[in-house]
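Each in structure tokens, the structures are laid out below.
In what follows, chain A forms one complex with chain B and a second complex with chain C.
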Partner chain A sequence: MPPSPSSPDRPTGSPTGSPGGSPAATGAVTGSTALALRGVTVTFGGVKALTGVDLAVAPGTVHGVIGPNGAGKTTLFNVACGFVVPDEGTIERRGERLTRLRPHDLAGLGTARTLQGLGLFDRVTVLENVLVGADRHARSGFLTALLGLPRAAREDRALRERAMAVLDRLGIASYAARYPGSLPYPVRKRVALARALAAEPDLLLLDEPASGLGADDMTELGDLVQSLAAEQGVSVLLVEHHMDLVMRVCDEITVLDFGRRIASGTPAQVRDDPAVLAAYLGEQVG
Partner chain B sequence: MQQLLNTALGGLTLGMVYAAFALALVLIWRSTRVVNFAQAPMAMVTTFVALVIVDAGHSYWLAFAAALASGLVLGAVIERVVVRPVEGGPEINAVILTLGLFIVLHALAAVIFGNRYRSFPAPFGVRGIEVGGTTIALTGFGIFTILAVLVTMGLLLLLFQRTDIGLRMRASAFNPEVARLLGVRVGRMLTLGWALASVVGSLAGLLIAGGSLVHPGYMDSVVVYGFVAAVLGGLDSPFGAVVGGLLLGLALSFVSGYVGSQLVALAALVILMLVLVLRPGGLFAQTAARRV
Partner chain C sequence: MAALRTRASAWWAGSILGRHLLVALLGLVVVVVVLESSSDFRNLQLASMAYLGIAAGGLTVLTGLNGQISLGHGALMAIGAYTTALLLDDREASTPLPLVVLAAVVVTLLVGIAVGAAAARLHGPYLAGATLALAVAVPGIALYFKEQLGGEQGLRVVLPDIPAWVLDLAYFVTGQDLTRSRYVAYLAWLTLVITFVLLANLARSRVGRRWRAVRDDEVAAELAGVHLGRARVSAFVVSAAAAGAAGAMMALTVRLAAPSGFTLTLSLTLLSAVVLGGLGSLAGALLGAALLTFLPQVVTDIGVDAGLSDIRAAELAPLVYGVVMVLVILLAPAGIVGTVRTALLKRRLRRSAAAQTRTAGTNPTAPGTPGTPTTDPATTTSKGSTT
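This part shows the complex of A and B:
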């Protein structure tokens, strides 16, 4: 299939390009996507940050979003999180249209995200940081917890075991009792990732997870992301600058430039796309 | 020697109450960055609730429990109804608001409960215990005060350090945006934080009132001492608030016993100024640990 800029040539491709698509159009077609944005347009005071962007993350795949600085990657990410409400277009999660997503709704929907700034709680131990992330499974009410009733204690133990398992998986179990502020950056990065994973999300949004990492750490990160998708069926939306990492781990890539999707497809398709080359190398393409 | 002991014991008892009150201020400060000056009249109102129940012929303990429960409700309602709407704006707005609440609650209490001194009962003796023939300045109620504050602190410590909800409250206080992302209902945690702080404040109010006189302004000096104690401990640290409260209680007791009781308020201000000049972060500030 020849790569054609801005044409929806993905398997999950659905009636796209209709900004402000009516809710009636949702449903059966997209039941297979973990996350779908359709015709999303975001305007900040007259500046269009995103224009009619379509993006679909198939379950158990890694979807990369790349683009030059200012292309709208972060805005797209924030739309996916519900932090930014698009002026036009819809967001669907597992085939259901989302309206007015509030930040605390994310975890309940099975979505976890990491932040560029990590956002670790510095005065709380590494284990506790991860426990906050694991909390969406906790059911004990306030009184049960306060009175230390057996059910709360049991849940608490289960949570702690799960959090330790995640730390162990990321190779940072030995830091469990330390405070994040005292740890080297790559370790803190892993703590942030562990916290996102502890919620056992089915959709993981990673905002530049490789920034500031050395080559070895980046390789491990890539392996981890791939195994999450392949073995645990987690869908991953990855915004990243490191092209080699994106090319290696992503099943599909969406390329943004000036708020528009200029290409999408497999890494191989995107790599050879003339529009992508133009966006990155600054060439004019007719 | 006996005076030294008595001064120290008096200071310890008073320090415990200051510690509780400082703790209440710190609980709210670290989650909402608001110094809740209304803490004093809030505690005063709940003490009057207890007084009404006692005057109606019920037991002290029923009144005690009712006061704490009304503190819980009052804290939650004030956070939800009064403080929440100004959240997100400049922090000074909320502080001015608590000062406004201070005046409003004062006036309301004067209207409802009357603006005169009334005696408040104590469940234990308010006379010094006799040890080996001499009476020391530790009363039965003083022992109750110390134990009540210690138990409350122990429970709060358990709540914050050992339970899930405590962890969520800490997460909400340290970084509300991130906590929200992780699914924590930050708003509820803030309400709960205000409610708990208000309970601790009520406890301090009841302990000050026991065996003494109450009127709408009886807690006003305590908010000053509680604030000094909280600043002494670094405003951000519950542990610091407790130690700050004890130190302040002892220091003021010694000033009162050896220098002159009229200098107590002045001494508190001198301590406040010294702390702000020499250790603006408080004795136990973790500023170094945070500046990473």
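This part shows the complex of A and C:
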């Protein structure tokens, strides 16, 4: 399915984003990084979950984070989302330092994240799930909602169209009126992705998006992630265990082991890095 | 004709406020018919059904849509009722009735902000405990400030004279003189209709959507940009405001605001009405209020007819209410309205599934596997129907 030409209704860019130009050009024009973590250290009690980790996601690229279980991948995500406040280190978004980042600020900053455990809203329909994701595009306030003013209805219709377009793009429009609990796991996975995409983020954090998917679904997911980055200029940070997917879609990879960055570079560089082979990939790849 | 029907259905789907107002108007017609054709005693009973319904409506939004439990809604009603009583303490009280009700709502709303801000940090049983404290403390306040709030005796509420234009209007529309009980019943039901339209607007809006998101998954809601605290406090405040309006109507109906009217039992009763009707459903809240108001009397009458003594028959009512409650929770945990709705939804899904199989059958080349994009016939049909 060809990616929908949704560039016209993409958000008009952040104040710090590149002026004008098509979304695809965003990556080429801006010099700053979409997301940068510098020297991030996190300790839980006496355990160092992350030690001085640096990571930079270039705009419009797919950046993979890999590492054995317990390497600190999810902690890294949680730092980037404001769920965990690092003991040391800084978070930058488009060259601007974020202090006191809270999770509910993310959507406004153009960041969307999927969760490992999906976290779907189970007692509302698939469409409503995606509508919550699209909510940041709505502006009407409490009074407009209370009085049911036409503006609220108009805005809601626009949100619905946006949400249906995303569902359609992911091939799950036929499930719009269903409840997530009644759907097979791969479809639910797509719903979670649709909810993140409906926010039309410029930075997308995907936490194990391929887990539990079959080979076909995984291929489709890989194509989607690549087209998001290449055609819409979305920067993607990807935590994933499936090596073939990571190697195929990522422009750059950071490898963590015991909370430290042990390697980073292109897939080819990482694949041949002896430290990585030793820590993680073992004999299988070599 | 067909074009007219599609336009009508498009309007129905598109205009949320229009739909709610239409339902409200129909509701008002029913209210007029019922109130005009029933006795003074029934009118007062219907008025108490209305104020219970208003409070239950507010509570169902809080508990059903936002997942917060409140055992303190009886206390919030008390605040609305006492505000009303203080403003209507004698016949010379010159505040117009709408302003009195508004004041009751605003005062309760302010209390709701304070309680809600504290409640937003609590969950489940802790929240229940905190609101329980409210239910216990508020009647105590009335006892402590005996001079101002009348202590155990409470405050009398003086219903202002019915404005002449209301009398004229009532006579013009119905051809009957408007009694004071009927006037109160009209006030209560008008308040109910207005409250329900506002609550329904909120429930259908993005505000309601965010409330539900917080209820279902806090982390995911937060990631989608929902400020958890703000969502919780706003739901609590809206619910408190409805309880305030309910308290004002209760004061006007009972003509008294006394601590004995706002015990913990009232809060629990409201919660049980909401659960009976179906969490999150305004129709369910109204149904629950109706059961609360009329079930005891119906049961008592049946008991008397069956040859029980008056006392025995009266004792039957709580028993039957309890049995109904247990049965609903066992057999229809989604509440009465919730269960009916689920059944209807299931039937519709089955029908549309059957229709899809038929379409797929006539076009055997189309791949029917769910998840395959674009060429799936199901995708196209549903697109047509949802846009």
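The working rule: the second predicted complex is superposed on the first by the 249 of 286 C-alpha atoms of A that agree within 3 Å, B and C clash if a C-alpha of one lies under 4 Å from a C-alpha of the other, contacts with A are read in each partner's own complex, and residues count from 1 in each chain.
Assume a residue touches a chain if its C-beta (ideal position, glycine included) is under 8 Å from a C-beta of that chain, and two chains touch if they have at least 3 such contacts.
These numbers come from a predicted model, not from an experiment.
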### Task
Report clash or fit for the pair chain B and chain C bound to chain A in the combined superposed model.
clash
### Message
For A:Met164 in the superposed arrangement: first (chain B), second (chain C), both or neither?
### Response
second
### Query
Which partner does A:Arg113 contact after superposing on A: first (chain B), second (chain C), both, neither?
both
#### Entry: chain B versus chain C as contact partner of A:Val187, first or second or both or neither
second
### Task
Check whether A:Ala177 is in contact with chain B, with chain C, with both or with neither, and answer first, second, both or neither.
second
#### Entry: If touched residues of chain A are counted for chain B and for chain C, the larger one
C
### Message
Going by the contact rule set out at the top, does A:Asp122 touch chain B (first), chain C (second), both, or neither?
### Response
both
### Query
Regarding the shared-chain residue A:Leu131, is it in contact with chain B (first), chain C (second), both, or neither?
both
### Query
Given the touch rule stated above, what does A:Arg100 touch, chain B (first), chain C (second), both, or neither?
neither
### Message
Touch test for A:Arg195: chain B only (first), chain C only (second), both, or neither?
### Response
both
### Task
Check each of 2-10, 164-172 or 254-262 in chain C against chain B and return the one that clashes.
254-262
### Message
Counting contacts the way the document defines them, which residues of chain A are shared by the two interfaces, the one with chain B and the one with chain C?
### Response
81, 103-104, 106-108, 112-113, 115, 119-124, 128, 131-133, 135-136, 138, 140, 142, 145-146, 148, 152, 155-156, 159, 195, 199
### Query
Can you name the residues of chain C that touch chain A in the complex?
14-17, 20, 197-198, 201-202, 204-210, 212-213, 215-217, 219-228, 234, 349, 370-374, 376, 378-379, 381-383, 386-387
#### Entry: Residues of chain A defined as touching chain B within the complex
81, 102-104, 106-108, 112-113, 115, 119-124, 128, 131-133, 135-136, 138, 140, 142, 145-146, 148, 152, 155-156, 159, 179, 181-182, 195, 199
### For the chain B and chain A complex, residues of the former touching the latter
158-159, 162-168, 170-171, 174-175, 177-186, 192, 286, 289-290, 292
### Task
Could you please specify the touching residues of chain A with respect to chain C in the complex?
1, 81, 83, 103-108, 112-113, 115, 119-124, 127-128, 131-133, 135-136, 138, 140, 142, 144-150, 152-153, 155-157, 159, 161, 164, 168, 170-178, 184, 186-187, 190, 195, 199, 217, 220
